[in-house]
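Chain nomenclature is as follows: A, B and C, assigned in order of appearance, with residue numbering initiated at 1 for each chain independently.
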Amino acid sequence: MTKSISRSSLWVVIGVALAFLTACDNNPYTPDDSSKKILYTWFREAPKTLDPAVAYTTSSHQFTGVIYPSMLEYHYLKRPYQLTPSLAKSVPAPEVLPNGYVRYRFDMREGAMFEKDLCFEELAGVEHREIVASDVVFQLKRVADPAINSPVVSVFSKIAGFDEFIKALTEARAADPDFSSRRIDQQYKEAGDIEGLKTPTPHTLEVTLKEPYPQILYWFTMQFTSPVPWEAVVYYDGQDGRDHLRDHPVGGGPYRMASYNKQFRVVLERNPDWWGASPAHRGAPGTVYPSEGEPGDKERGRLDPKYVGQPVPFIDRVEFRREKEAIPSFGKFLQGYFDLSGIIQESFDQVIKNDQLSEEMVEQGVRLEKSVSPDVFYIGFNMDDPMVGHAAGERGRKLRQAMSLVVDVEEFKRVFTNGRGVPAQSPVPPGVFGYEEDYQNPFRVVDKEKAKKKLEEAGYPGGVDPETGQPLRLTFDTADTTSRGLLQSQFYVRAWRTIGIDVEIKATNYNQFQEKVRNGAYQIFNWGWVADYPDAENFLFLLESGQARSVSDGPNTANFQYARYDALFKQMKTRANDETRLEIIREMKDILAEERPWIELFSRENYALYHGWMQNVKPFGMSVPFYKYWDIDPDLRTENRAAWNRPVLWPVYVLVALFFAILVPGIRTFYRERQ
Amino acid sequence: MLLSNLLVVVILMLFAGLVYYVRTNRLWRESAQSLWKRRPIAVTVVGLYFVVGILDSVAWVGGVDLSKTQDVVAASKPRTIIDRMFSPETRSERSYSAPFASKEFYGGADLTHPGSYWLGTDRLGRDVLYLAFKGVKVALLVGGLTSLIVIPLALFFGVSAGYFGGRLDDAVFFVMSTLAAIPGILLLIALITALGKGTLQVCVALGVTGWVSFARLARAETLKLRESDYVQAARALGVSDVTIIMRHILPNLSHLMVITFALLFTALVLSETILAYLGIGVDGSWGQMIDQARDELSRDPIIWWNLFGASMALFILVLSVNLVGDAVRDILDPRTLRERE
Amino acid sequence: MVAYIIRRIGYGFLTVLGVLFFLFILFFAVTDPDDIARKAVGERAPPEVYEQWKRNKGYDKPLFVNTEHGWLSGGRYTDTLLVDHYTRMLTFQFGQSDADDALISKRIREGAGPSLMLTVPLFLSGMAVAVMVSLFVSFFRETYIDRMALVLCMLAMSVTILLYIIGGQYLIGKVLHWFPISGFDPDPTIVYKFLLLPILVGLVNGLGADVRFYRTVFVEETTKDYVRTARAKGAGEIRVMGNHVLRNALIPILTQIVVAIPFLFTGSLLLESFFGIPGLGSLTIDAIFGNDFATLRTMVYIGALLFVTGQILTDISYTLADPRIRLE
């Protein structure tokens, strides 16, 4: 018995040590996969929906953007951004009709197929079928359908007959309870045509707008206008064990969804039936690697003759692993288990020295790509609020001006983003027409004295409200309850406290925040806007009165309403980028500078890291995925991973030694005492 | 402001009453002496935390030169003694600095108050030692306040169920086993999700989760006591139930109370850190500090003082309470009591 | 015996009914289904979408009394949220997630595997290690090993699990490269790699309290008469510990196991989330962050169900472990 216990404990120790030695391998993937062209990356949270009529977030576009084909796409390398044909044979030019309407005519490629899917099998008895113009019309009708609840209905309301269709559909459903139970494509057919969407031939789509809206073409790069097979919508209804369409995309792009597990893994694989892969379309834009780019692309190895003109995609599979926490995911990037990564703030100093990659990183072959994304982050005032909004008149304006004058973005960048980001002077971000680098907003400088003066003029000397004799009390609402979000909120609040304004942070969950926004029960909030497309209209509309949250539930959460601004906006939005447009934008910026519905903060500056085995990577400002142009050298990757991840085993030996060091004298003492 | 000061007075009076009671009662006096003999350091540490908590509750307005301050608002609000000792309104930096450093951690600019931060400064340039001190009150609030809600509640239900038995016992026992059947953390989460975020909500949720185990103990103990000779005798003499409970039952449960308090306290303070990670903790708690600091470990060079400050403050408190609780249990254990008498 | 088991199960069922009522109050009476609906369909949704959503979920019914039905109609009291809630839960028809309409039962089936892969080994190894260590420690009771172990336990108990996780990931994953920092892959040839680190962390987290408890039990047993008798008969100390003491300490250990079952869930909640294991704990945390009340509700219910089942099983195993206990 004596022997057996000490022996068994010995065995346990040895067993544990052995288990360590054999199990010590931190490669999180199946070893067989290391020689394949698989891109490994991660996602933090699965998107709520992949339905192309609804999905409107970066996290969904990284999947839908390559699964659903689009009429047009962006040129991968050229800047400023340029549209190229895709499923359409050419980029259509606007055609003004006698009644002032504008028509675009898309000629679509023939013989482009949807991916093979069970829904075609079940409903039509075929493996898959051709993509035709009416599939785009069907998708736009889905966007119109109130039951789908698409976030971009107002954009497409510019199409002639779009609103009438919505009305007809709603009425038909209300009039006949059975109507809703009919098959969805039947419902749309019976509700009538959309006047501005015509398909003269199966491969021609004519889109007629009620007013000039040149930006509509950008929307044809997005999945709201992708062809969607009605079979998929009908079949994937979530009934009887079938998937929902929102979890089961059926497209015809360069990749298809191989597996979609929201909890831990999403896998995209090469779509063999992509139109771009068929010999008939070989060489069309978007099917081969581009031969032209912007200056500098050649030097950065993005116009390598090895790739120019070669058919894409190069990568066979894209694996997204779920990583809820940023730190482990970045750790895995450093270990070579993720192929690319942003730089998390915590590791910035480890990776970047003097705005350059650190030597260590360069030795590992890591490359850095910097880019400014067309977005803007801001603090907004609810202009409907009696204290800070329109109703407070001159006092409110002065108060907003004072508050704007103490928020130090440079300091914010230093503390929270390692100095990354371009301070915003107006809603228009860099890379968008209307942005002027030398423009200085008089209230986006840090000037505490001026702020104090403005505050005094507003009737709050020293931040004290003369009515109560107490510091001015305002509330700052945020939907970010994370510790980090709280620190950022505290940063703003501290700034305002220096001039005596007491701002209370109300961090609630997203649900409660939305509730507050809906009820108008908020004063100050922070928010951001990422471009749908690189045009000033897409930013300045955020403050147009027609978009006010309290009026139309639009994205103008500040509820800013200003007649002159609206008038200017109307003039600006349909103009081409000329000097007059610039003048108009300038005046709009001046109005905003003076009125201060927003305290503009910054546009993000992305530092993306890529391992040496990644080829042809170029950052893109908007959320458009371009995996098809990328390439990987799997052998180099395998080699590097092995070199970077040798387990450090000495602590195991130390622990085992320590165990015996404690045990042996213990046994001796024990026997001495007991005997 | 007045309220918190009033609360301090009440707490101090309660404390004085407790001390008086312990001093006059032989058994308790001996126990206290023996506790002091066994764990002088742990008792002192707990006492110090208590003092810090009290110092952080006594507040009044004024005393800051408004022209010098970085934070006009805080300066014109009631400030506690701890605030006055650290005066964060004037003493803060721009961002990180290491303990006792004279330069900023990044950039190396000179600090405005070089060498004065024993635990460095955090991302917003606040004194970590000060924040750790501020966490004391939150921890005492979460642990202490909740325990103070829980123990009377649990006593009430446990004792009445045990003493009166019958239907009442069945009902209380059913509620207890229902609540006990829900895994603690899930129950907490469900409660806070439904009730909303906030100190009081967290305390209530912790209270609902925490009272069951103690109520069970109290019930079991009361069942035993009810059958004891002196209770039977008192009953036979026609002494009212309330008097019996107050005279004979409750005093015999007091050791249980003390032990449960210690156990509950540490459990509550530790649970709060989990809640903080889930984003539903209490503002200003150590859990929140740890959560904010956890990513800083991967900075290079590493920033450890923030995590260190919060987790040490937490660790020392929990350890001391554990040690004290342990000693109290040894001293008050009924068996040892019996042996002594 | 049979009668006892039946009674025990009956009471367990009653407890589950109680839990369901509590959940009902919390998630339907305290939380307004309207809020959930608005969150799910987006605040810009027109009213009909929002009403439709509530109808689809069955959240549009009144709580207790349905006044649309007449006084004598049965529907007045059965066509309500309360009754629906009970029927759905008791028949395991959990319905769809509030956040993304996924079938909750499917999610649970998918998540149960990874969760069990983590918690069962963690539970068993945790118990084995704790019993071994505490046997070891009580074997050396009153020596410096014992005192050292007690201090270590106390120290270990005073550290929050958050710190163990952060430290473990940093040290073992990042610095020493022993295991993947986080992640999961159900592929049986590599799945163990992802589990070792969380198991290790979970083990360390639970060890302090367990060892202290078991040690007390063991030491207490060693003072009993039968131990003295055994010693007097000349049985060696190791034989006494390994044979007599261990066997007699089984009951308190069993009690402890039941107490530990819900903590199993607790621990795995954070472990799964930090280590990226797609189990039930991770699901629960997602539900918290995503305001997915339907999933949260179901998880609480399942947690309670597991606990009650565990309790019944333990009570039954008591009688098996110790023939002296007759519970009839």
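For this structure, a couple of remarks:
Basically, a contact is a pair of C-beta atoms (placed from the backbone, for glycine too) under 8 Å apart; a residue touches a chain by one contact, two chains touch by 3 or more.
Bear in mind the structure is a predicted one, so any value in this text is a computation, not a measurement.
The greater number of contacting C-beta pairs, out of the two interfaces A-C and A-B, is seen for A-C.
Ranked by distance of CA centroids from subunit A, the top chain is B. Computed from the mean C-alpha positions, the centre of subunit B lies at a distance of 26 Å from the centre of subunit C.
Averaged C-alpha coordinates put the centre of subunit A at 37 Å from the centre of subunit C. Centroid to centroid, with C-alpha atoms defining each point, subunit A and subunit B lie 43 Å apart.
For subunit B, residues touching at least two other chains, in rising order: 279-280, 291, 294, 297-298.
Touching of two or more other chains is recorded for residues 327, 331, 509 of subunit A. Residue positions of subunit C with contacts to 2 or more other chains are 174, 291.
The residues of subunit C lying in touch with subunit B in their complex are 11, 14-16, 18-19, 22-23, 26-27, 30-31, 154-155, 157-163, 166, 170, 174, 262-263, 265-266, 269-270, 284-285, 288-289, 291, 293, 296-297, 299-300, 303-304, 307-308, 311. Partner subunit A is touched in their complex by these residues of subunit B: 66, 70-74, 76-77, 94-95, 106-107, 123-124, 196-197, 276, 279-280, 283, 288, 291-292, 294-301.
Here subunit C touches subunit A in the complex through residues 35-36, 38-39, 41-46, 48-49, 52, 96, 99-102, 107, 110-111, 132, 136, 139-140, 143-145, 148, 169, 173-185, 187, 189-190, 192-194, 196, 236-239, 242-243, 273-276, 278, 282-283, 286, 291, going by the rule given at the top. Listed in rising order, the residues of subunit B touching subunit C in the complex are 174-175, 177-179, 181-187, 189-191, 193-195, 266, 270, 273-274, 277-280, 287, 290-291, 294, 297-298, 307, 311, 314-315, 318-319, 322-323, 326.
Residues 326-327, 330-331, 344-347, 349-350, 411, 414-416, 462-464, 471, 481-484, 486-487, 490-491, 494, 497-502, 507-509, 512 of subunit A touch subunit B in their complex.
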